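Reading through the structure tokens given below for one structure.
When the chains are written out, they are named A, B, C and D in that same order, and each has its own residue count from 1.
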């Protein structure tokens, strides 16, 4: 949970969620907002829940009342002949049903206006000054990330992990390379589809530091389940430091094992798909690996990034993520260790 | 009939060749389905058109206006043939039905010949680009309906010429005229969309 | 206009007016942004509201002529006409509400949001 | 003298008339006869039984999915198999179960309720069933040859396009659609014509039974919604087979256009399933509360309004695609306003139950279950109507929970109620009430156990259509609970089947009208004769069987030596003319075979469309060719 004092609604939600889930982290939750956009939605949600919950209880009570014993004996006799209660009963019923209908209309108009106003507030977020623009491109089944900048020197390519500064609005410009994907980091905002031949935008902002998980929300084929993204919200200075170090090309290895690893990487088919800035590897069909060692996960965060997992992934990607598009390359056993060490060293 | 209240309908005529026949309403439903289909196709055509900057895509030529416009004459007249046949069917007038159906058939074939000639003048096919896909979808779907209607006319003509017909077949001819009005009627908006539409809008730009 | 035609108009006009105004507005929405003007949207909504009200009024007049009685389940043309007249009134009112509900976002939201 | 008991004519003449009716309406014998009969009860029953078999198939697929999702990182099914199964589950439930079963019920009940002998186009009716069966076999042919579609029941391009789904899998999906849509359209056309023109004399618009109103609205929705999916699936199919570019983004096609057209059908589709269920609920409520329904006019108008507004909701499936906000807001408004019409109906039923003399039959249990579940589903529907909220819960398990609440709660529960309610009519025997009530409780609890936790899963960020999930997301408990619930539902389903089988064998005889219900189907024998009524009934009230027996009216003077029915006027149902329905024929079956050859073959080679058209053209000519001398007499 966040450090702020708990809102009553949040308390209810926490209880509701704890009932079924124990104390699992809220790193991917629509009801644990970490930014203004998701916060607006969350507030609206509790408002809806309160009103609709009350409606539900009232309707259920009305329906259940028909079942009570006391009630069931009413006016039996005349019904048997005419199948119709006396006119005054009908008039009373008409009044009740009319009032209920008018109440329904009023409630729906209130909900409609509250929803539209929330939507307007969220759209006005797009007028924010000094936004950061991040291009997210969906691929089967990973995320290509590019930090846009008018200065080409400041454009940064990375993948599957997005760092953002806390308190600064970020515009996500989404598109897709192949099929339709949907970018969704529930703690920050709702989802936005990434559609080939179109560009969609979404505005997010984190109001406190944290690591938030996102996942593709539009069915995109075999490995739809394994297409997640981390959004790391950091204080401005920390973000800037990360950004600057990521802009650097990969350092030339000095250690002989790492040098060997680099040669292995460059000699195998890896280079057809992957880029490591600072080397001759400039493939465009897979994630940029320039600073691979800094990332938390591999294979679009299917596995934590560790030496062992990486080995398993390179040797047999299909066993980790069946159907994925990474080529299975027969890496010579002698070459594997240096390769892994080299990749892990790309900090 | 011991005291039961009854309505005796033995005095009512069997069959009725008019809008009162259930078949007429069934046919109307089918026509509504087809009309919806064509409307949606027209809507998707405009949807796609509005997303494209250049229309038609480079290389495609708009279809010419002369032939399709000329072809409208026999098409619309053929609906008249249908009308004659349908009125004759109501009155059980055999020569009238034959003349109406025959007129319908000849004019309809004439239209179709003109359409086939016009097909050959198109310089694109459905595989070329999305414009081609749409134009051919309109032509294909409408031609499918058209041929089906034509076959129906031939079948009725054969039945009437053979003389082995009764109320059911007369009702069939009446209802079939409804189909033919539709086939003719739906072509007009399609004609405007694929022939006139581009000439009016695209050159004006 | 014959009575039956008036009755059918009352019943079907509300929904059909809504359907057309709704489709028109939806199709116009992107253009409202391009031209930075919501005027067209307002016009469609206002015209639709007026027409729906008119159709309700037409049905109401029919209902008055038919004796302003709630339709029962009697046989023949009169009860059947009454249910159609009252149906026209209620459906027109319902779709007036729907058109109104759709006009609310037009007022609140900006043309390009 | 009560037509409910069948008029008692103690004359030889009457016995002779009945013999003639029996003979004229008899099913032809043998396998050939079985393929050619056209009575609506038999065809309705075929629809219902076939649909039920596919409900079981869809249910088994659901159990497989739930088993896979019971634990995180489960490997029971791989991604490929899982995708096939969830697609087949959705497709089966929507196209092979829900819509056809509603059509089957209508084909069975509507002519009986209207007091006529058959639907207006008996041969078209038979043809429609064969087309539906063709669609079923076609899809499951794919399932058993490893070409089951794996692209979701919505088949969004480009994923379903030639580039990203090579092979034949999406083609099986697209062409199955065509089969079932043809069938649905046939039923819609004949239901409309039947309700418009073949009502019992005296059944003016203000006396049409509620269920028939719901079917009328549903049929019109079919007519305006189904062409959209035919366009969408045909565009997809022609992109795949003859290289057109309708939805190919590389050549100017637009994947969103497909979504628009698909949902222009897809949202009304939900109401196509749900509106007949509302009619069933009304029927059950009237007969179980033993009073005239409160607010007949209001309910009928709500049905009509729902039928229209149902066409103004489709974009709420596309809120995440980044359309202009005003445009989206129109759909928010319409999606919320449709809750008014549902609300009015719920209020009217509760008011009826309040002041009726309630008899708690098993069917009534299902109606109460329907009210509880459907109201919750409707309220989460209001949540989904709001653009900001939808952006969070769209394509998550929250939506899965929502639409199962409205579809299972809103359609399947009423349908089970209807099965229990009309079982005596369809079989002549009573279904075991006690077992029925136990079935209800198991289904109700299993249902909520399965789907309620999904609301929370959705809010906790679990997307739909994932074949597995990591253990540290906090989803395991709710997901496991849902799996347990799914198996509880399965037990309920088995219990229902057991009840049906047992009651068929041991159920007590029902008699014509065991519930003392109001509508005309209860005036026919149980099960109904092929000709439904010895004498067609005429009605003098909205509740014809609740009228004093001496005031009930029958129609005489129809010729019984051919399949004659009475045509009445559209609004006031005054007798207009006599109309002769065609005798049984093999041609509808042969035509369906011909069309099937065309459709199925076209998946592999586009020319089959031509061959199929020619073949079916020949069959249609055979179908309409005048032949029997009896037809030639006036």
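One rule holds for everything that comes next: a contact is a pair of C-beta atoms (placed from the backbone, for glycine too) under 8 Å apart; a residue touches a chain by one contact, two chains touch by 3 or more.
Only a predicted model underlies this, so the values are computations on that prediction, with no experimental measurement involved.
Considering only chains that satisfy the touch condition with subunit A, which of them also satisfy it with subunit C?
Both-contact set = D.
Does B-D or A-D have the larger number of C-beta pairs in contact?
Taking the two pairs in turn, the one with more contacts turns out to be A-D.
On a C-alpha centroid basis, what's the spacing between subunit B and subunit D, in Å?
About 31 Å separates the centre of subunit B from that of subunit D.
Between subunit A and subunit D, what is the separation of their C-alpha centroids in Å?
Each chain's C-alpha centroid was found; their separation is 37 Å.
So the centre of each chain is just the mean of its C-alpha atoms; given that, what is the distance between subunit A and subunit B in Å?
Here subunit A and subunit B have centroids separated by 51 Å.
Whole-Å distance, subunit C centre to subunit D centre, using C-alpha means?
Roughly 30 Å separates the two chain centres.
Counting only residues that touch at least two other chains, what does the list for subunit C look like?
In subunit C, residues 97, 101, 104-105, 109, 113 touch at least two other chains, as defined above.
Can you pull out the residues of subunit B that are in contact with at least two other chains?
Not one residue of subunit B touches more than one other chain, so the list is empty.
Using the touch definition from the top, which residues of subunit A touch two or more other chains?
As it turns out, subunit A has residues touching two or more other chains at 105, 108, 112, 116, 119-120, 123.
Quick one: in the complex, what on subunit C touches subunit D?
4, 11, 15, 18-19, 22, 25-26, 29-30, 32-33, 38, 41, 70-77, 79-80, 82-84, 86-87, 90-91, 94-95, 97-98, 101-102, 104-106, 109, 111-113
Can you tell me which positions in subunit C touch subunit A when the two form their complex?
Touch residues, subunit C against subunit A: 97, 101, 104-105, 108-110, 113.
Tell me, which parts of subunit D touch subunit C in their complex?
202, 204-207, 292, 296-298, 300-301, 304-305, 308-309, 311-312, 315, 324-327, 329-330, 332-334, 336-337, 340-341, 540-543, 571-572
Where on subunit D is subunit A touching in the complex?
Those in contact with subunit A are residues 78-80, 83, 151-152, 156, 158-159, 163-164, 249-250, 254-256, 290-292, 294-295, 298, 320-322, 325, 328-329, 332-333, 336-337, 339-340, 343-344, 346-348, 350-351, 353-358, 360, 368, 371-372, 375-376, 379-380, 382-383, 385-396, 453, 456, 458-461, 463-469, 472-475, 477-478, 481, 518, 543, 546.
Contact residues on subunit D for subunit B in the complex?
Going through subunit D, the ones touching subunit B are 1, 3, 7-9, 120-121, 124, 185, 188-190, 192-194, 196-198, 201, 219, 223-224, 226-228, 230-231, 235, 238, 242-246, 248, 251-254, 257, 260-261, 264, 535, 538, 550-559, 564, 566-567, 569, 575-580, 582, 613, 617, 621, 624-626, 631-634.
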